[in-house]
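Heads up, the next two complexes both have chain A, just with different partners, chain B and then chain C.
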Partner chain A sequence: MRNRILMSWTAITLAVILSWSPVSMAQAPSRAGTVEQTAVDPEAAIKAAEAAAKAEDTASAKNWTPPRTAWGDPDVQGYWLTATYTPLQRPAALAGKAFYTEEEAFEAFKKAVEVDASVNPSTVHYDWKEYAMDGWQSPVRPNRRTSLIVDPEDGKLPPLTPEAQKRQAAARVAAQARNPQVGVQTLGNLYTRCVTGNNGGPMLRGGNPGSDSGAAGVTAEVQLVQIPGYALIVAQSNDDARIIPLDGRPHLPSNVRNYLGDSRGRWDGNTLVVETTNFTVPGTNFNGGSAATKLTERFTRIGPNTLRYEFTFDDPATWTRPWTAETILPRVDPPLYEFACHEQNYGLMNVVKGAQTREAEAATKKD
Partner chain B sequence: MRDRILAAFFLATVVAVIESPAQTAPTGLFPAYTAPRTADGKPNLNGIWQSLTTANWDIQAHGAQPGPHPEIMGAWGAAPGGQSIVEGGEVPYRPEALAGKKENFENRMKVKVTNDPHRYDTGEPELQCYRPGVPRANYMPFPFQIFQNPSEILIVYEFKGAVRTIYMDPHREPPTDSWMGWSNGHWEGDTLVVDVTSFNDHTWFDRAGNYHSDELHVVERYTPISPYHIMYEATIEDPKVFTRPWKVRFPLYRRVEDNVQLVEFNCVPFVEELMYDPVGLYRPPSK
Partner chain C sequence: MRNTIRLVGAIIAAVLLLVPLTAKAHHAFAAAFDENKPINLQGTVTKVELVNPHSWIWMDVKGPDGKVVNWGIEGGPPTNLFRNGITKSTLPVGSEIKVFAYQAKSGESKCVGVFVEYLDGRKVFMGGSAPGANGQTPAKK
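Here is the complex of A and B:
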């Protein structure tokens, strides 16, 4: 639910409305009458996701060999979906259990979708069963893992450093003591301000950033492109494009900072390894991490329609040790659409105006 | 001896120019050129490219001029003079449409941020960090990088990190109007021809107020003419605004510096004060 409210803050661009459909993307979105059953009926979506997971398991098991590009590199290209219902951290009830059985995985997926698809009309101002407003309407798949975090082994974020504890406490105090004249930079985050999207940096959850509610996200598609010497990742969310040279060149000098960081890639067997540094400020998918983060991502094809995605946060200013998460990205159909977020960011303006009104009212009551 | 070598060089050049097919030597300045091929046998356009025109200030011929706020910006805000990139020099506006250009120029610094859908009526889109559209993205003073595959060619522009995809095979239908338009491409000999449609009417061609409607249709031609140059041509058609189709044409230069790369130009944070302060929505944490 929190996810949904967050999302309503953001510019709901056309891209959001159009951006997925399991099979139907080949059909023009204007022909709304042909929307798949899996996009309007949660039970149909659950069944389809289970079938897709089983089919992919079978296809991947048959001596499947990952493809190569025409110039001989492993081929990780395609359109992939980062949405997942697997929580970042392992729930306490599953302590000691890193994997579900297939049956348990399907059951957990079913529950998560049903919760996500339920609507409390008193708190929601959109019809969330409208097409493309919920993660379950996408080709999101069940996952045998009980948490995205695979290291540390307990599936939990490592302890914060004392410095990070102080920093995060100070941020909480600052948020509470906010200037009553809130503005776009004090109320908005990088995502709601359309500075970066929800996959710019770690392609985490694919959901609405900052949320740990367990709901899969929307606008979770990413496209991987390769040419000799380069990889390119284009995220549907905010059209964030990360260019990754593969020629071993050094990073930009540390005084040059980018919102999407500065990426360098290399091949490790069939795996594309991307190291990103030079972040400007921690983005919304950084889980409270700092700009000092070195993000290492690993992309490996493990089946005809599945890309394994691993990422490691190495941020000694925040966590006492690096931590690693892993998820599976199902293939989705092309294309991506223009995500002109800043060009029409009514959502941000309305939310800031609303917050100013609320805070002015609160100040009047105090007097 | 030296003379003879020079003469031989000269002769070779003349022969090359004479023999060059029209499509690969559009300027006459370059000897016949066949671009290196990608794995699928097409001319390889991969690389980081940039135009060296002043068309972003004005696509037509213009003298140097002070910026809109010389009292604070001095020479920083001034516009360099430059020659027209428009074939024949002038944009063929319909008589009634020419006033729109003048109005745009007068209102170029006006930012009207409201929930009014007509807010795009004022203000230069670049000033507000909006996507620049096509062909403007190709002559902004920023580099861009081409990623060429048989099925799709992607272009990532340094300005705003704008992205566009040129669908080669299969072509795809545009879902709706957009800032960068919808691009389907094909090869004609060594020339990449891109048909761009489904534009909205919010982008401008330059800071001088040259504009179009949502009936804009652009056909681009990218022809490699040396290892370091692509000749770029775009035919612009918009019956609502122009009396006939017209062309812009300029070379793109390959960026060849060691380890050259695009450096992020995410201008959204640079324009928040400009856009949101007048409506009372901008209060940085320190203010």
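Here is the complex of A and C:
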């Protein structure tokens, strides 16, 4: 048994190393010395995204057959971008409308990018105000869906259970007590402390990158790797990695808990289905979910450069019914970069010093 | 001896974990940087750190008094810079660049970059329409 585990880990380690080897790096396009218009001009980025969406629609429509691995499994491997401008929940103005027309989808995308590129700097996450931190500077694409949530049909999260309402209210009070100025965005969360990332499971949270701290806008690249009997999901954000056995073995005992849970996978036609349980809290900290969450994700190739990603939250301790979200992930160029979050965490020092400066100013005013 | 080192290491780790983190948001612009302190810098690149989640460019800037100060400019993740065409080879140490940025609240010589410009006028990073992101706002320091 121990040998089997050891061999599995060796195989997985090799797969990860190979996936990060110079072979992968060699695929990286050489753009040295040029300035990409799509990275500096929102209008150019909008046009490029529309063109990419149209090209992919055309390519996917021509009797496209999903590829298979050398050992015969459906092949969902690649580097995929989880950034999206589609909100998790359907806006009230779009009640009853689950899909845009293509034209409407492009228009909504254009508006979202323009807002992202022009929002008030004093009120938002600092990403877009920094160079190379906007969602539109990645190959994010328009989406025909008006919300990521597809079930319930109204595109909204189901009501919270009374227990969850109490739990979330207490969490808000605790966060405010830690720092009334920044509310819930405190160092108490695992992401800001470089423990887990934003794409471990589920791989995206929706919204408008740049203005919603829960949205995946940057470092939103995820790599899927397959070897016989296993799938691996490696997220760039904080190097979150999930190793997923596909051999039907049971979940770990319920007393073994992980930040990213315990994942088991299987094939349903061309779809990789991954069920994850055994979460710890606040590792699952998705809209206040509990450790009882069962997360079911479905990965399906639907075009040469598109992966459909669906996830279902079944968490009876938090929501009165399960809910499901769905989106498309565009393929992106490698590589992923290491997340040397702690090693390079000047940000933490700057935030602490900034807070000390602000506190000193406040003390002076009181005097 | 080895056990002592381990013990000391464990104590240090425990202390670090137990230190009450009274600091504020790691990822809120306003926590670390000041939108009321825009700044224009021109100088020579001394170090480029292409590291997630935030890259840093370090540059020597000569002030009006002739004194050279090393400034750190925070920016986006390397994957996004890569898509911009920015690698260590396109922004080598010794490059002369101009930067428009917002200074750290602490008053240190650190800032968050809105754009970086080569001296030939190519702007390589843009931050949308932040005040001065078009490069027109004269920054006062």
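In this text, the second predicted complex is superposed on the first by the 275 of 367 C-alpha atoms of A that agree within 3 Å, B and C clash if a C-alpha of one lies under 4 Å from a C-alpha of the other, contacts with A are read in each partner's own complex, and residues count from 1 in each chain.
Operating definition for what follows: contacts are C-beta pairs under 8 Å (C-beta built on N, C-alpha and C of every residue); 3 or more make two chains touch, one makes a residue touch a chain.
All of these numbers come straight from a predicted model, not from anything done at the bench.
Comparing chain B with chain C, more residues of chain A are touched by C.
Of the two partner chains placed by the overlay, only chain B lies in contact with A:71; chain C stays clear of it. Of the two partner chains, chain C is the only one touched by A:137; chain B is not. Within the superposed three-chain model, A:118 lies in touch with chain C and out of touch with chain B [touch as defined at top]. In the superposed model, A:107 makes contact with neither chain B nor chain C. Judged by the touch definition given at the top, the superposed model places A:268 against neither chain B nor chain C. In the superposition on chain A, no contact is made by A:163 with either chain B or chain C.
Legend: residue contacts after superposition of the two complexes on their common chain; A:340 is shown touching both chain B and chain C. When the shared chain is aligned, chain B comes close enough to touch A:245, but chain C does not.
When the two structures are aligned on the shared chain, A:57 is found in touch with neither chain B nor chain C. Overlap of the chain B and chain C contact sets on chain A: residues 28, 179, 181-182, 185-186, 193, 336-338, 340, 343, 346, 350, 352-353, 356. In the complex of the two chains, the chain C residues touching chain A come out as 21-35, 49-56, 72, 74-87, 89-90, 102, 104-108, 110, 112-116, 122-131, 133. Those residues of chain A that touch chain C in the shared complex are 28, 31-36, 38-42, 116-119, 121-122, 124-134, 137-139, 178-179, 181-182, 185-188, 191-193, 213, 218-219, 221, 236-237, 333, 336-341, 343-344, 346-348, 350-358.
Against chain A, in their complex, chain B makes its touches with residues 39-40, 46, 113, 115, 129-131, 145, 147-149, 152, 154, 156, 161-163, 165, 167, 172-173, 175-176, 178-180, 202, 259, 261-264, 266, 268-269, 272, 276, 279-285, 287. Every residue of chain A that touches chain B in the complex is listed here, in rising order: 14, 18, 28-30, 69-71, 77, 174, 179, 181-186, 193-196, 225-228, 230, 232, 234, 239-241, 243, 245, 249-250, 252, 256, 258-260, 334-338, 340, 342-343, 346, 349-350, 352-353, 356.
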